[in-house]
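Paired with subunit B in one complex and with subunit C in the other, subunit A is shared by the two complexes that follow.
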Partner chain A sequence: MKNSLLQSMAWLHTWAGLVAGWLLFAIFVGGTLACFDKELDDWMRPALHGTQPPETPRFDAAMAWARERMPDAHAWWAHAGTARDRAVTVHAAHDDGTVASAALDPNTGALVPDTAGGSFFFELHYNLHAGTPGMYVVGLAGMLMLVALVAGVLIHKRIFKDFFTFRPRAGGQRAWLDGHNFTAVLALPFHLMIAYSGVAIFVASYVFGGVQAGYGGDMAKFWEEAGGYYEREEVGRPLPRLHSLDALVADAQRRMGAPVDWASVHHPDDASAVIQFGTRHDRAVAWDMQQVTYDASDGRFLHQTPPPGPAFRTYAFLGGLHMVQFGGSALRWLYFLLGLCGCAMIASGMQVWVRKRAARVARAGALSGHGLVRALNVGVVGGMPLACVAMLWANRLLPPGLPARADAEVQAFCAAWILAALWGAWAERRGHGWRDLFATTAAALLLLPVLNLLTTAHSHLPATLARGEYALAAVDLTALALGLGFAALAWRLRGRRMPHAARAVEAGA
Partner chain B sequence: MARVAAAPAVPRRRQRAGVASRVCAALFGGYFLAHGATAFLTGALPFARVDRVIAASLLAFAVWCAAAIYVFAARSAWRAWGTLLLLGGALLAVPMLFPGWASRP
Partner chain C sequence: MNLLAGFCLCALAWVLLSLGLPKHHQPLFGRPPAPRARRGLRAAGWAVLAASFAWFVAGRGWEYGPVFWLAALMLAAVAWVLALAAVAR
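Up next, the complex of A and B:
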């Protein structure tokens, strides 16, 4: 197709990167924010600020809520309130996939105002809030990223030298390309690791050759051998009474040798119901996937998962490496910064595409393939950060008692993104779409702590700093820092009414 | 890309068909090769069955990625399709002909 390996790899890098670029950018922004999904969850529930979750987690109030809401569910499960995220979150799911969720005060069991929370970004990151099809789309985007990364390394003859080359004042394509190379090469091991471990997490949904050859396609048998999980067939008689989960927590912690993080009840309306407990993933790189199982009627101990085999530990290691629940907040900050590098790599790469073709983009006009790429760049890269901030604003501005409050936050996110994209694409025809969106994002971020001060009694910066709740304070402070960053970007773009090439074309026309 | 545009030997429509064919080869041919390699490695790796399945499945992404790179480096789209389908078919045939080998405990 092309004359040399170098040229065909350059072609592959350009087009794989462009096709997956906007999707990957959204996935990267979601993933970067999801480094602190629990901290954002906590920030978005001001009702619990200043409280302490109990030493031993409690689940009975959560299960009582689930019974009231969905007595014939396939399963109920609840996450304990922790220092990172104080609320007890409870979910109940039917076989058909409908899920009901709530957040409770970990001490009193009372409902707290609902929020989409940082979990919104986590789910956006792995399935775009589009369920199983979304998960496949994200997986394909991950593979495209892997291919673009390998092709990108192959076309780099001077990978070491380029790393030390940054000419922001060179302007146009040169500066964007330097920025693209810098953020890509600086964090290359991270990008490769995050792309590979990302697709590996859902390996069971993407790759079937192994289970087909080894187990004749019997997925249940494979999981039974791999994870050692316990299941009981339904018997069709009602469960007389659900044993207290709280009474079993101490025994579960003793058996696992680890703190209980979540509890579940499977087919709670059937006499075969079981109570299960699992732990957190913060004590080693690999996920700690062990579970203990009790009979739901009399609380009798039934089963504990055996230690996983070497390959399953490898899988859990890859998953843990991706999700960074180990290593504490220092490592989460490192992932956050490297994630920002990834966002910058993708955004600048797509700008290289536009600037390299600046003359053609200008000649083709807004209603063309080139114009579409330019508009999508502004709409996605410039619009999404503004949408994320809009969601935090909505969290503080929506009344606490609003029904379906979490959905309203998500609607604010979507509406802000659509409006920002339209505005950006429109303004970019005159060359100031980027400046407008960056300036608005900067203002929204810089004013977020002010809004927090005006709308909350004890969740604002002075209060959280005084109480030593530094994770909450860090959200406000990070908003300030990012706000300054966006302001600097907008400042750099001031007065640049139109790209040089566009001006040249207009002058010539 | 400018150099390619300057080469008039290949008509534009044929060039586009070639690109579309390669894209499909990278997606479907590449997945087929990864599928075959996973099935083959599930038999060939020297571990217990569950470990063979997981290890082979985790390696599938590397095979798919390498296949996609190869497709765009190959001399022609036909050659890329041929290589992927032959190699993938051969790898898949082994565990299908000897099912007991891949599913031994």
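Up next, the complex of A and C:
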């Protein structure tokens, strides 16, 4: 009985891991970079480097832009410029889902060149930029990760004996399995927490039966009641004039007892329009979801969300633990490094799958899915880091005045990934796909600070270090550190020209 | 500073606990630990582990302390395993 349970768990671990593996790797890389999404946003807007955002945030210029762009929007929404991310970002959304966005100088209100920014990686890691269907795909991958983690613990017979064991020089499958095991076991609490809380954030969408039963499927109404938010019906008369948001910020901060971080105007073309303010999530583990609401025509105070009940606080705690807006940059660094452990766990796990079957596949000599898995491993694990660096390069190389500049950065990311995957898969036929991609990634990372020096006046390392803008400098320095890491990987793979399978056969013969 | 000291405490706990195992004592000292040393190393390891928890909770309170502690503890273990692999050459 025990034997058959272990065997079925091993089967589950292998196939849940393989099916979700590439997706999970992309999600983990995106999520790891998203630890510093705001810092990356800021790095990618050189126009604002060396400036200070105002003490009290200003929103009127952003809302004026939104009115010009989309007067009949469902809502306008603006995020304050802060020390972590200086730009004021504004979005206007139609009922039909079309969104217009812009970034503004927090002091002057002038438009600054837009960028996909670190927010690109944040969104990638929870919905793959594919809206609601993408969110479901990511949720499924997250659940498969939980399955693989639990099954993995059950089948790891030497979990305590091999607790501290890593034998990189043992070579082949042994080294990959050790690497997979120690990055998984030693960071297991993190992996479990991040997969569980990640799925839990969208739990009302994933298990929609509850909202179906209680609210007839009206998700907006569910969140409104759960969070104690304010909403009022449209009346069909035009709004005479929009009250200044900036004039209300001080009052909103006083009522919330916390700094204002964002502002919104709901149905701004209707007399029922309301102005709302919310705050940041950096003062406790749980999100601080409180909002204050004002009448948009005369600025009259209308509503403040009551303190959350225990159930909503529980939800906000799980979400906050995942998104790590608390604890400052120190904790974000710890999460970043743990995220890298997760990437290594997933990548090495898939290498174990390949290595374990290499000899058997080569002996059989038959056409099989093995080559596909090998190609996908190179394409995803070797290709995605290169695509991420390519996006940073595009940010510095694209002309500032380019229309739809943020989209062009995303296209650079996608194009780089596709090309890298094809190149890697092709080169791996002769056994040096990994080496080629890692070496290119290393070069692109190591040259990033040089590119920064050549293309910007105030944003390169000497300038940012001199001004004490360490978050900006840290992006360049992290690129250097990661570049050295990739160079070391490429160096270890030098001189390997034969495909794994062929070598495995020779070794076995 | 606080974080670095806490991280070092976590790492020390893993060092002591791993050296209490013959497998990791052997490559570093050329012989397995004597039974008394083994018990001592393990007891000290667990004690330092508890102390590292107390350090983080004392420094950052009950809400942040355990989160920082667990994150530092996991990364200290990864760092020590990488160091062990490098030393074992």
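Definition applied: the second predicted complex is superposed on the first by the 470 of 509 C-alpha atoms of A that agree within 3 Å, B and C clash if a C-alpha of one lies under 4 Å from a C-alpha of the other, contacts with A are read in each partner's own complex, and residues count from 1 in each chain.
The rule we apply is simple: a contact is a pair of C-beta atoms (placed from the backbone, for glycine too) under 8 Å apart; a residue touches a chain by one contact, two chains touch by 3 or more.
Note that this is a predicted model, so its numbers are computed, not measured.
Chemist: Between subunit B (first) and subunit C (second), which does A:V207 come into contact with in this model arrangement: first, second, both, or neither?
Modeler: Only subunit B is touched by A:V207; subunit C is not.
Chemist: With the two structures laid over each other on chain A, which partner does A:G216 touch: subunit B (first), subunit C (second), both, or neither?
Modeler: first
Chemist: Could you look at A:L338 and tell me whether it touches subunit B, subunit C, both or neither (first, second, both, neither)?
Modeler: second
Chemist: According to the stated criteria, A:W11 is in contact with first (subunit B), second (subunit C), both, or neither; which is it?
Modeler: First partner only, subunit B.
Chemist: Tell me the contact category for A:Y126 with respect to subunit B and subunit C: first, second, both or neither.
Modeler: Neither partner.
Chemist: In the superposed model, does subunit B or subunit C contact more residues of subunit A?
Modeler: B
Chemist: So in the superposed three-chain picture, is A:F312 touching just subunit B, just subunit C, both, or none of them (first/second/both/neither)?
Modeler: A:F312 sits against subunit B, while subunit C stays out of touch.
Chemist: Could you pull out which subunit A residues touch subunit C in their complex?
Modeler: The contact residues of subunit A facing subunit C are 161, 163-169, 182-183, 186-187, 189-190, 284-285, 321, 326-327, 330-331, 334-335, 337-338, 341.
Chemist: Please output the residues of subunit B touching subunit A within their complex, sorted ascending.
Modeler: The touching residues are 1, 3-4, 7, 15, 18-19, 22, 26, 34-43, 47-58, 60-62, 64-65, 68-69, 72-73, 76-77, 92, 95, 99, 102-103.
Chemist: What residues on subunit C touch subunit A, complex-wise?
Modeler: 3, 14, 18, 21, 23-24, 63-64, 67-68, 70-72, 74-75, 77-78, 80-82, 84-85, 88-89
Chemist: Residue numbers of subunit A touching subunit B in their complex, please.
Modeler: 1-3, 5, 7-9, 11-12, 143, 146-147, 150-151, 154, 196, 199-200, 203-204, 206-216, 222, 225-226, 309-312, 314-315, 318
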